[in-house]
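In the two complexes that follow, chain A is the common piece, with chain B as its partner first and chain C second.
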Partner chain A sequence: MATVTTPDAPPASSPSRARTRVPRRRPGQRVRQRRRLGALYASPTALFLLVFFVVPVILVLRMSASDWSLFVGDRGANFPTNFGEAVDDRLFWPAIRFTLTYTAITTVILLALALGLALVVQESGRWSAFVRTSFLVPSALGLASASLLFYGLYSPQSSPISAFLEWIGVIDTPVSFLGTPGAALWSTVALVVWRFAGFYMLLLLVGLQAIPGDVFEAARMDGASRFQTFRSITLPLLKPSLALSTILCVTGSLLAFDQFYVLTKGGPDNSTVTIVQLVYSMAFQGQNDLGRAAALSIIVLGGLLVLNALQFLGLRGDRD
Partner chain B sequence: MTWTPRRRTARWGALLAAASMTAALAACGGSAEPAAAGDPSNVEGVDDGTTLTLWTRAPLESQAKALVDAYNSSHENQVELTVVPNDDYVAKVGAAAGSGSLPDLFAADVVYLPNWTSQGLFSDLTERIGNLDYADQINQSVLDAGTYEDEQYVLPFVLDLSVMFYNKDLYREAGLDPEQGPTTLQEFRDQALAIQALNKPDTYGTYFGGNCGGCGVFTWFPMMWASGEQVLEDDGTTADLASDTAQQVYGIWRDLADAGAIAPGAADETGATWTAAFQQGQVGVMPYPATLLQTASETVDVGVTAIPGVDGGESTFVGGDGLGISKDSEHPDQAWNFQQWLMSEAAQVDVLAKNNVTPARSDFLDNQYATDPRVQLINQVSAAPDSQTPIALNFQQAFNAVGSPWSTLFRNQVFGDASTLDEDNQAITDVLQQ
Partner chain C sequence: MTTTPAAQAAPLTAGADPATTPSARTLGPRRRPGRRGLATMGQRTFTGALALLFLFPMVWAAVASVSPKGGTNQTDGIGLGNYRTLVDYQAGIWQYLANSAFVSLLTVVLTLTVSLLGGYAFARFDFPGKNLLFLGTLAILMVPYATLLIPLYVLLNDLGLQNSLVGLALVLTMFQLPFATFMMRISFEAVPKELEEAAMVDGCGTFRALVMVLLPAVRAGLVTVGLFAFLAAWNDFITPLILISDSSKVPLPLAVANLRGQTQGIVDFGATEAGVVVLALPCVLIFLMLQRHYVRGFMSGALKG
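Now for the complex of A and B:
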């Protein structure tokens, strides 16, 4: 970056100012000009952030502190009633527990599998382009569409999987993919792994290919085994990519909604209600209480902030 | 002090933030403007070429379209129909109600009517309905569901009744009388078991939405009503779903589940496909929506009978939608013109009955389109003494919502630990009383 020395836009850093030895006033103007330009470049993003994040968050904050029903609207402040009611909901703790379980399972499976896939396809072989593409194809499908596809695959009335298993004699009666709490959880995990493994593979692949080849060469000359190389070279150098993938995966899983909304609707017997589904049902499915739903959203937002801060801290600690 | 670009940007940003926030809050704050009241003594309403808006949910799309087309082609007023996906309807109506932008007319599922009328979403129609000289002929169940504190807010829009459907071909194969469906719940169970005993591939005795609270309400409540039992007490604030009669109803289904006579997937059925297996000819006998008679008859030789109770009787769930004029309508007299036309012979017989929908006026139940004895049976049961629409303020949360305490109750009764009945019933009462 510091090598940019075009007269139109010299960098604002002091070394370049010293090198060009121009009077004090002019670079000041340029700096100002550059700042203006910078602000101009950043303003669309800032505007979007303002309109689509800051304003809604303020609105949700106000809602969470008000008696705000879906049909009647705002009926005045009632802080902190909504927060108490949200936590007292009979599904609050089950939803938290389930969301955390789901996040842990998904993150571990997804990242392990994505790392494995990335290691497999990083070598440029005859089929690697084809294999890479086929791993990545599910990522092109929207999550709701993918969920609908799996709903068809799991539905007892149309499932080809169950019919096939019966035909080859593995099972006698049709499998109920969504019938028990455990089956519903693992069926959804399977969908999410299928949908996202390619995406995380790509993230990790980029990280893998950024590791210089001579490091591996040196290790090989020192007589390191494949496992030693993986543990002592690949993993440490891949840490930034792994950390990024973990943050994305954990945050995404904690906010899971579409897949459960389509596949299980939180069932059977409320065993797969995630925290975001609970927000949705408080707002639109019976309680019709926007205030309480907003309070729960704020609690989730707070939790996510803390979690992300911890993850970033951990990441920075590793670098030191 | 100079104006640096940065400061100026910051000020603009602040200004913009303030402006957009004001707009956003205003949009959600609701309007305080009272809507026009109109002239309730005008029996016919006004037909002066006004454009009216009407919202309904997707399951009623074809009936709503037929009604709106017939009205538009014979009136100066023009109705613009908006069809909203079923799952989004409550959210959309809620958002519009909160911001004071409801359409002139909108339909509501009868079970949500008590809640919506109590929240003041509709305009009072008591005087207008009272002026109709056929007021006593209008379907009483829907009128009752749309009455809050002695004021009437809706008229029936499209009725959706539950009846028992059976597959005549399968009945013949099993040696059952194809002209006689079940008249008691015992017969229902025995006939379903007889179909199951055919041991045909992909053929089962019966089916139900085992993870769908709304399906259970629609098909099982009539079984209890036909047995002379009520399901709700104290104006819909106490559940009465642990009675001996209710237990007998659950017992019938448990027998069928234990015998493997329920098509696979019932336990996971969220309601999206609960009518599919019968239409594919895979189910012998099951409670079913009467509006699907035509559709099911394309693939199956359908027999129809009323939903019976434990020892006989007949009942139906008077479901479907009521239609009201919204609190926000600025054209109540024009909207009423559509409403009163909706109750006329032109709408009830020439549109609804012609499309095999049961008329919502008892004097039209016997009409020139009701030649099929099955349709006659469906029409008659809509006015049977035990036919009802349940009324409770928190009905959606207690019964229809995903994972409602009602779905927990009947799932335990059919698939799980049946000993929790009293607790499960109490859980419904708790929600009803919130």
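Now for the complex of A and C:
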């Protein structure tokens, strides 16, 4: 497809190359003109990438190695102080442990439920379309909006769930959905599952659709039971979609922020502080140390890259 | 058992061409007909109950926002008292709505423009550094928001865009570029080359060919890109939280989140749920209208990824 050319090849060298490939001169000019046009059309993308991505990435590397506070700014290099301080923060290890726990629980529940939903609604027809839409509508809400909604749903003063349970006599006092570390974790998981189940259901549904119908037909004619068909045909053939969902879900959960910022504020007793919340609070709440926050965010980036590389290699290995 | 290539390809053909992806309604293999009656009834009851469970929180929020409740502006009877609280809150809900609308629209316009031109360049032209630029755009996905937002906070200050809704929209556009560029590239690649070549023979330049001939052909891709850009920009929370510190300039999600903490730990739940309704309503309506295009975004990703 695309011919890879070095980005800084001087224009003077391109006519000779074009001439060796195409003997006449006019097409050579045309090729050159199309190259210039292509570069022109791609220039807004390149500009955005440079200013808002490449420069920030370089800057965050520099900040992580500098004494850089929120209000005073750069006060010179201090590598590797920021990294040491970030790791020594008393919330560093608890945040990592909590983020990993949350990620594991969310990924398992979310993907299992999404797969179940996808299997239930895969038929065509009006009823399935209605049910699918119901599952999907929460995906249109922002995570912050959904968290605010559940904040009302969970608060003892306004919770309809608590009121209902009291009314049918299961409990005497209002339930505390966010009061204990365990309850806060599970309540947040419930919110995230509600918000994202339809999203992953759709992803898996697209994968299900890609499996040729003949394969199911063949299994049925061979007398395979429903469960056998699911285990030996659906699951293996759905692997690419499941892998993509897993990577997305793991990455998203490791970077969780909105839901905890709105619902728990990291509480009770800092038991639900995620790693991104720790980055945020290092930078903008109290410590006001951008250098240290940058160092921590580099650690997060590194961890994420390693994890994604491992997942990718694992999936590649499976395919061979 | 062997299958003919034609039969194998059949369920995929609809999805393979991004321009003709099926609507949500036709998604999924058709089960064999028959087996109606009790089994269907049982299944419908089950799936219906599940659907209600998913719809319940949103229905509750809508009902709670107009229902009477102590400690809110709506103490007896059904009414819009909680919405009046929003109107009176600090800069007023209209200001926050305007902030959100401005940022979302600017993000959508910028994303569409940049990805339309970029997708065209990647699909139809060869130029130095093409692959590097495309991979670089996708690499945005690999870096966490927080890692980019800390230097962007400093960088926007240097550019004179601190506390600016324009700066916010520029950053949100950058976050949209991986999906948007990818989507537009495959949309252009799905259009037969003969279409624009015919136009060029007729004397059109590449830009005229893009506007007159190709734009209508990639319209569906543009709608999908615009939809995702709008939902992302309207709903984004952490980006304005870090980049916007002037409380009258914050977008709606931040304003509603701030509203909770205003009076010494006493939270106005009525106003909060009213805020959720205002936040959710445009998203839900646009989503229901463009659901088909939302599904298309997934088909493209799954096919190529």
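Observations
The criterion applied here is as follows: the second predicted complex is superposed on the first by the 269 of 320 C-alpha atoms of A that agree within 3 Å, B and C clash if a C-alpha of one lies under 4 Å from a C-alpha of the other, contacts with A are read in each partner's own complex, and residues count from 1 in each chain.
Keep this in mind: a contact is a pair of C-beta atoms (placed from the backbone, for glycine too) under 8 Å apart; a residue touches a chain by one contact, two chains touch by 3 or more.
Just so you know, these numbers come straight off a predicted model, no measurement behind them.
Using the contact criterion defined above for the overlaid structures, shared-chain residue A:69 touches chain B, although it does not reach chain C. Between chain B and chain C, C contacts the larger number of chain A residues. In the superposed model, A:35 lies in contact with both chain B and chain C.
Within the superposed three-chain model, A:104 lies out of touch with both chain B and chain C [touch as defined at top].
In the superposition on chain A, contact is made by A:152 with chain C only, not with chain B. In the superposition on chain A, A:117 makes contact with chain C only, while chain B stays out of contact range. Look at A:54: by the touch rule set out above, it reaches both chain B and chain C. In the superposed pair of complexes, A:144 makes contact with chain C only, with no contact to chain B. Within chain A, the residues touching chain B in one complex and chain C in the other are 35-36, 39, 46, 54-56, 59, 63, 73, 155, 157, 283-284, 290. Touching chain A in their complex are the following residues of chain C: 1, 3, 7-8, 10-12, 15, 24-31, 43-44, 46-48, 50-52, 54-55, 57-58, 60-61, 64, 69, 71, 113-115, 117-118, 120-122, 124-133, 136-137, 139-140, 142-148, 150-155, 170-171, 173-174, 177, 181, 206, 231, 234-238, 241-242, 253, 256-257, 260, 267, 269, 272-273, 275-276, 279-280, 283-284, 286-288, 291, 294-295, 298-299, 301-303, 305.
Looking at the complex, you find that chain A touches chain C at residues 2-9, 34-42, 44-46, 48-49, 52-57, 59-60, 63, 73, 117, 120-124, 126-145, 148-153, 155, 157-158, 160, 194, 197-198, 202-203, 205-216, 218, 221, 240-241, 244, 255, 257-258, 261-262, 276, 279-280, 283-284, 290, 293-294, 297-298, 300-301, 304-305, 308.
Residues 4-6, 9, 13, 16-17, 20-21, 24-25, 28-30, 90-91, 93-95, 97-99, 115-116, 119-121, 211, 263-265, 267-268, 270, 273, 276-277, 394, 396-398, 400-404, 407-408, 411 of chain B touch chain A in their complex.
Listing the residues of chain A that touch chain B in their complex gives 32, 35-36, 39, 43, 46-47, 50-51, 54-56, 58-59, 62-63, 69-74, 91, 155-157, 173-174, 176-179, 265-270, 273, 281, 283-288, 290.
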